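The structure's right below; bear with me while I get my questions together.
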Amino acid sequence: MDETKNKPSEKMAKLDARIIYLAMFIALLIPILRPLGLPLPISDMTRKAYEYVDSLPSGSKVLLALHVSVGLWPEVEPGTIAILSHLFSKSIKVVIISWGADEPVLVESTLTKVDKMGKQYGVDWVNLGYYAGMETAMAAFAKDVHGLVKRDFYGTPIENLPIMKDIKSAKDFNLVIYDTASDIAPMIRQFVAAYGIPMVAFCTIGWVPSFMPYLTAGQIVGMVPGIRGGAEYELLIKRPGSGATTTDALSLGFILLIVLSILGNVIWYSRKIGMR
Amino acid sequence: MSIFKRREIPVIITAFSGFLMVIEYFFTIPLVASISTGIREWASLIAAFAVGLGATNLGIIHASRVRHRRENWYLSAWLLFVMVLMIIVGIFGTTKHPLYDFLFANVYSTVGPTMWGLLAFYLASASFRALRVRSLESLLLLISAILLMLLSAPIGGIIPGVTVVANWVQNVPNTAGMRGILLGTALGAIGLSIRTLLGYEKGYLPE
Amino acid sequence: MVFKEGRIATFFALVIVVGAILYFINRAKIGKISKIRKIPGLIAIEEAVGRATEMGGSVLFIPGIGGLTTVEGPETLAGISVLNYTAKLCARLGTKIVAAIRMPEVIPLAEEAISTAFRMEGKFEEYRPDMVRYLSSDQWGIATGAMGIMQRERVKANIMLGFFAGEALALAEAGAVAGAIQIAGTATNTTQLPWFASICDYCLFGEEVYVAGAVLSEDPIQLGSIAGQDVGKFMAICLITIGILMYLLKVDWLIRLLKI
């Protein structure tokens, strides 16, 4: 009989993947059911985004461009709620446009969770809906807003919306906020490089390493990464929400990943030594 | 051979559109700007119409499965039913119709994040199985991965020194590497575009 | 003809790069062929298709999840070129191939790439329309669809080349679980590369993806264009070095020049 088969390292190496899945499930579930209250330090990138938005004078115009599929919306929603609350609290006008088909419906649902502080649709904010073509549509919008957009999400001609009267091109915006789960380069090319409009990114956490070169080069003035960034932004505007309650799960999930990657290597080395 | 199967026609259309876009990007020429705007609108329209092509492809494959009672044919039948239902509700009721809204809020927008949620489990099994230290490079990859996971995990911020080191990894070697890859990628894209515009890149063209 | 503000320097940089590419293409035309290093991931495609054939399995090809009208378009085209090469191998060896498609506009290109490959191998009668499968325009729709194909259709070679995003890890893990030999590559979304590098057997990254079609074609003219790209790289290295020196010397005329 092959004795190596009974060794703990052999058994662990052939560990049923479902056990790993179960461990992850538990690590994520416990803090959601019973928040652990782990500390949440504010990162520099989120602070920079907050400080830039906070420095905008009342009456400024901000473009909130969205490109986040329905699957990733929960990751950016806490940050989106926080930034919209921040913008409304400072009486900044918000124009929302979507580069994906799902986003206009998603943002409508998110807006129901935002305290609009008496702000009026069409006067203080507008949802322009979805425009197909990605970078082609971005370029067309940046060049001539009224050339691309004829009606808002509800079918109202944009001439009838007071907020759109003074917005003709990208140059009329004080800031672009890109809520994204995809590459930021097209928006940088069409808004930052072409018109010099400052940009803040609200992105899913997976994109952070890719966006770092743009942040360090000053092409984006701040970055709010995923749920963690959303939770940080909630703390900065002093309105803790759904982001803050899920960061514990994030912490535990990452710790489990670290443990698993170390454990996997320990077992792999034990087997190698055993085979010798 | 049919005139539509000739390689020259797609190459001419590609070259004409491509060069026009390049000229429009660098120069202010009203005529070129209006033609390129038209081409962009055409591109968006063709891409939108291609959705019909996708639905047809999906329909043919799954209808064939149902007709021939292949394995799991009932799942294909369910797919066809849901696809037709969403098309009918979307077209005739528009996206503001209560039924569309109900399906979007209770099916689509819950299934989507669930699929993303699966990633946590794949991430766990991949961390256990794939992140092996076989060389110095893979050791560096593992150390960087651990540091960046600690940086991403809010709790990582309370471990002394982690934020400083992880931020350095993210801002210096990562940014330097990303910039190098970005430069190579941009040049690669230019090279591929030139080959495509001149008709040398033939993989997608009819023979 | 009026230059747009801020794009003059970029224009001349592009002229130099394009000029170099055209110069090397012309050199190749007169027989001066540039030497291009081998890319292991591309050499392995033959091995992967061969292994799938031996095991009686099939080959799954995913030309990314990007479309044609976006910035990912060149990556998708690169994937289609490699699909054409892979389909030729499959036609030659009689191996089943399935191309999983996300963006509908890619369907005709994938159909053309596979049918042309089968025609060139003299096996057009073996080409089936269901070799190209549009799975879903949703990112996870295609991912779960492709993962299902890996399990159901005994995929023993999984080739993923094009633009990939968050689903890359799940696809690579599912391929590993299915026991497939895996070759993966992506260019613009570099965040997925660590997963491809860790999980897959071979990985292509950055510009390797764009040149894949040219390298596989062994066409001297296409290979010449790759050599031309290196002039651009040399120019970038020079600009970076000069830029660092000027920054240290607190001279900013080069930055101002590049902004014109």
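Order of writing sets the chain letters: A, B and C. Residues in each chain are counted from 1.
Quick note on the criterion: a residue touches a chain if its C-beta (ideal position, glycine included) is under 8 Å from a C-beta of that chain, and two chains touch if they have at least 3 such contacts.
No experiment lies behind these values; they were computed from the predicted model shown.
Trainee: More contacting C-beta pairs: A-C or A-B?
Mentor: A-B
Trainee: Measuring from the mean of all protein Cα atoms shown, which chain centre lies nearest?
Mentor: B
Trainee: Report the chain whose CA-based centre is farthest from the CA-based centre of subunit A.
Mentor: Chain C.
Trainee: Which whole number of Å gives the spacing of the CA centres of subunit B and subunit C?
Mentor: Roughly 13 Å, centre to centre.
Trainee: Please report how many Å separate the Cα centroid of subunit A from that of subunit B, as a whole number.
Mentor: Taking the mean C-alpha position of each chain, the two centres sit 18 Å apart.
Trainee: How many angstrom lie between the CA centroids of subunit A and subunit C, rounded to a whole number?
Mentor: 28
Trainee: In subunit B, which residues are in touch with two or more of the other chains?
Mentor: Correct list: 43-44, 47, 112, 115-116, 123, 125, 129-132, 145, 178, 182.
Trainee: For subunit A, what residues touch not just one other chain but two or more?
Mentor: 17, 69-72, 133, 136, 209-210
Trainee: Touching two or more other chains, which residues of subunit C qualify?
Mentor: Touching at least two other chains: 67, 69, 138, 140, 166, 188, 190.
Trainee: In their complex, what parts of subunit B are in touch with subunit A?
Mentor: Going through subunit B, the ones touching subunit A are 37, 40, 43-44, 47-48, 95, 101, 104-105, 108-109, 112-113, 115-116, 120-121, 123-125, 127-133, 142, 145-146, 148-150, 152-158, 163, 167, 170-171, 174-175, 178-179, 182.
Trainee: If we count contacts the way the header does, which residues on subunit B are in touch with subunit C in the complex?
Mentor: 22, 25-29, 43-44, 46-47, 50-55, 57-58, 60-61, 64, 71, 112, 115-116, 118-119, 122-123, 125-126, 129-132, 138, 141, 145, 178, 181-185, 187-196, 198, 200-207
Trainee: Could you please specify the touching residues of subunit C with respect to subunit A in the complex?
Mentor: It is residues 6, 67, 69-71, 138-140, 165-166, 177, 188-191 of subunit C that touch subunit A.
Trainee: Please name which positions on subunit C make contact with subunit B in the complex.
Mentor: Result: residues 1-4, 7, 10-11, 14, 17-18, 21-22, 25, 67-69, 74-75, 77-78, 80-85, 101, 103-105, 107-109, 112-113, 116, 119-120, 129-130, 132-135, 137-138, 140, 143-144, 152, 166, 169-170, 172-174, 176, 187-188, 190, 194-195, 197-199, 205-211, 213-214, 217, 219, 221-222, 225-226, 228-229, 232-233, 236 of subunit C touch subunit B.
Trainee: In the complex, go through subunit A and note every residue touching subunit C.
Mentor: The touching residues are 17, 69-72, 133-136, 181-183, 185-186, 193-194, 204, 206-207, 209-210.
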